[in-house]
């Protein structure tokens, strides 16, 4: 028997089982009334995707991975207004509905639209987590009116490729830390998110920014993006080095950008009394708060965690930062692949070979 | 041989060694230019003093204990303006200098006046910690202009006795939690500070306040001070009970008022995504943050610790709360002793006998 | 000729011309994919509706007036999830879309969904302004998922009737003022909104609340809702009276709840240096800021205006306040009318006869 | 008759009468217990001093003018700790006591130490206002421990000369405006304070900064300090130009840096709904708020005024900004004079001749 209508099909990187993300074929998705179908022109791989690949973060078999789309509107849902087909857009990694209790409470990343109370941990993270993602020829953007952000003609795909996740997350480390003009800030781990945290700290007026890592390229990149000082933690205890660099005072804000006990604990130890630990890392085990580092609970400290802020207003602002020329993140794109080659891209990226920071994937 | 001038002497409760705080005699202190000598009319014992008694928190031998003075100005330092001898006053448990970097940075409890950088963990806590305290006939108040707060004639000593510490600390649990009108709040442990946290949560507009403890008198006191619901954690897992009471949503703010792993962890577990744990307890060992309770660092959560806010402006506001009749904390005073009987008072209070909440000590 | 299908019709209070709002018949509205049709069970008249009646605020002829609906879901749009027909609900006077740049920027009342940039002054106010309102048998709620808030069974219509506007606006006067525990607050003009501002100030922990009006019933109502002191401005300059009551200090926050030069200017004059004027009134002419009252621009003062916050999360919180028993606003309902009698209700309300505060209208 | 002890004398610029500030001789001041005597090495003239010169702002006859000292500690009061004689320091234009209710309430510029309630409009501005100022060979710094900020060896006097007033005030325009990453900001009037507001807006992450003035040199200086766009208001209505530049949206924050009805009103008119007007100017007459520009009070707008933040922590942070190299304000120093020539300096500066921005005065 034959199909009466040939359904259009597309290529997509799908999760098969731990250790295997493969390029496969799927139907191009149907467009619901609130959705937009976006033809992906550039996307990338995130550290979180590697967690998925390794089976450390569970997703459904057959799910398309990826949450960082740059593309062109192919088709708009019947109830979507304010956009036109053919428009260049991005959508954030986190796609809030706009109408959940969480969204209306100022906590859109924890959107629980559909739950009775409207809050769900990480509920706003849908692409490549609970719905098909962006490492494909087409991606369906839910709640399009809340999530599609037009890209000005003057900007290339690679210039805005970091907006959906890396830049939004990294900046939020500075924002949630409440950085003020004149602050001293330490950033622990200088992968793409840590580097964006450095850039965010500079954007918010920190005047002593200390980057912590071991990889010379990353330390150099941190300096270019705003770090005043860098600490190589193989050359001695980073806590001691930072306390020496701050003349014994400690920092106002420490940003954790890796997700380990070591970075978390060091970040806590370098805080001045009253300082803030802004945590961005994805942890994979319980954390320990040493009594002394926590001043027994009497230090007027804050520990703040932030999931990547999304939504079209956030994207608009980040695009504005790029357009203003304040920051150029294109040097973070160290390697480029076609979608056809995505398995090779995962191989390179997951093994952190060849000094890779971010890859650009073009369908 | 005789002393040429008889130095006036006074009674004071001093720390001798772990397990021993005794009533002793000491010289009435000399008054420096910025100090005020206050004749204590009422004071009290704090849970922290019991930590000192037990040797769990180290202080110098011979130090006078106590940080909650109500009294009358006996003598003003030569540079002190704006007060008169004979005026009824209180001073906060924390006595910021006003002029440290920490004070001028909005972090007065961590006052490090005298340190090079101006920040010192718990640096603002001086009474009964780094200088002689209030369980005595006289107490010397440092930086008097920043710390003495007049008491209106219409208020009794016992009405303002909780202002210096219990009320300031308890309220700060609500304040640091950022409670907003309509919030759901859980308060873990309903000793004097937890009870004041309940009262503070109500004052700030929380509309579902859940008190957690086991002692019936404390649960009843919580209800009187504003708890809408109470949870006895001997009758089942408090986390489950609170999740049921909030219909699966969790609370916006959880206040920890004891200082144990159990209360800390439970407070974390009952938070809605995006919620805040406001920690008041004095911990005595490392803390563990369970991965799931922390949403692997992706839950947009905050953990905030607060040391009792001090200074005369804080005291003025708390006295205003008392004077307004919004809250009556005098029922917390369950027992009364003369200063001569302070050893018996410590005995009662440290063993939490006879339903004691707070004692009033009158020299 | 006959109509092929009889369209269901309903009664509605429509604006005809300045001076005339009449009860008329209209088709029951069609339900779009994001809408909900609500059968109104109780509604009310707002001071703003009187401005419309008088022609002071222009709306289209034929528009149904009213923005405070309590009712039952009659029909849900095809894309609306999370609700069921027959459910009791309210919707706020302001109905944000949830997906505009303004909403996602934390400024939902200025929703400009549909404009290029997403911001529009008062754009979130749609009911009885840019779309048909609630003084009718049925009202169409736009962006239903962002706006419908279920009403618990235990609460009557009149208990939640103030949530959509009066309570939300009044409380926002306190919230935008940033009231803290221990603040001194003055509220100028004690109509329904000013009374709710008094209640909001008390909910947030103000401890000296001064109500200002001339009508004895309003001054008495203010005392019941939380005012510690009242000032009758016919008995002398209210600024002088308030400065005397605060012992020359002035208030931390002054809330303006009328919309006149006199109340605005007096509110500015009673502020302490560094204080905040929180303005709720709808003004009808230019305002003047006297140089001295403004400390020539050097007083660290703030003037903040707030349009009624809406959306289902706001409504949920206000319903929570009512359900908690913290505040009972039902005494504000002084008169009751059937929808059939709405012209008489306007007559009474617009002339402020018979001590009217709020009317309840039941279709 | 002869004086038994020759009192050391010094030169100082004193106010004689409107129109006359002259160089005179005075005794070097005595040092009280909380004071520090600072030998001035560099100071400057502020626009406020010109208001004093013209008699527009009244001060006592014989008062030494000036509030921007850079110098060396000559002598410390008996109760002053933490400094040493010979140390290079600055003090802010505003010298908070640290111990007033205003200081402890987070409102140090309105310090009313000595008043009963602790608040006084502009109470923190003492130098050249209520006590002798800095245009002299020596200046007495009150409450030295709260106000003296050490200057690192690597920085010249001129590098830190703007910290006490211009930089602190200008930055505060951005800070009080609550600028966030990605904001659009307009700055009205580009004198020294407006230029520092531009720099502050950039430091805080604004990405579209529009400077408004007419003087080409000032527009050019604004571009160097961070303005992305400039508007010459002689070439057309600045409101229209800014609305065109922002594509009809308006700005998130408008900073007023002159103190006139025109700049104030234009700043209000270019705000997006929900935007903030941050006012720095010193006004000399009543202001008018046009009804439409104010959205009749329904636009969720804020008007915020800020007096220059002072105190040693503020100075420390600003010195940190200079030391970090983020901003170089030395080009603002366009002319240099010896203290002997200060009358000529006033003549040049008050007439805004020769493109003067700031003068450096060296005793």
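Each chain carries a letter (A, B, C and D) given by its place in the written order, and its residues are counted from 1.
Going forward, a contact is a pair of C-beta atoms (placed from the backbone, for glycine too) under 8 Å apart; a residue touches a chain by one contact, two chains touch by 3 or more.
Keep in mind the model is a prediction, meaning the values are calculated, not measured.
Chemist: In steps of 5 degrees, what rotation angle do you get fitting chain A onto chain B on the CA atoms?
Modeler: Chain A sits rotated relative to chain B by 180 degrees.
Chemist: Of the chain pairs B-C and C-D, which one is connected by the greater count of C-beta contacts?
Modeler: C-D
Chemist: Just curious, how far off is chain D from chain C if you go by their C-alpha centres, in Å?
Modeler: Spacing between the chain centres: roughly 41 Å.
Chemist: Going through chain C residue by residue, note those that touch at least 2 other chains and give them in order.
Modeler: 105, 316
Chemist: Sort out for me which residues of chain B touch chain C in the complex.
Modeler: Its residues touching chain C are 171, 175, 180-183, 200, 203-205, 207-208, 228, 316-318, 320-321, 323-324, 326.
Chemist: Help me check something: in the complex, which residues belonging to chain B touch chain A?
Modeler: 102, 105, 107, 109-110, 112, 116-117, 119-123, 125, 247-250, 259, 272-274, 279-291, 294-307
Chemist: Applying the document's contact rule, which stretches of chain D touch chain B when the two form their complex?
Modeler: Contacts found on chain D: 32-34, 78-79, 81-82, 96-99, 101, 103-106, 108, 113-114, 118, 143, 145-146, 311-314, 316.
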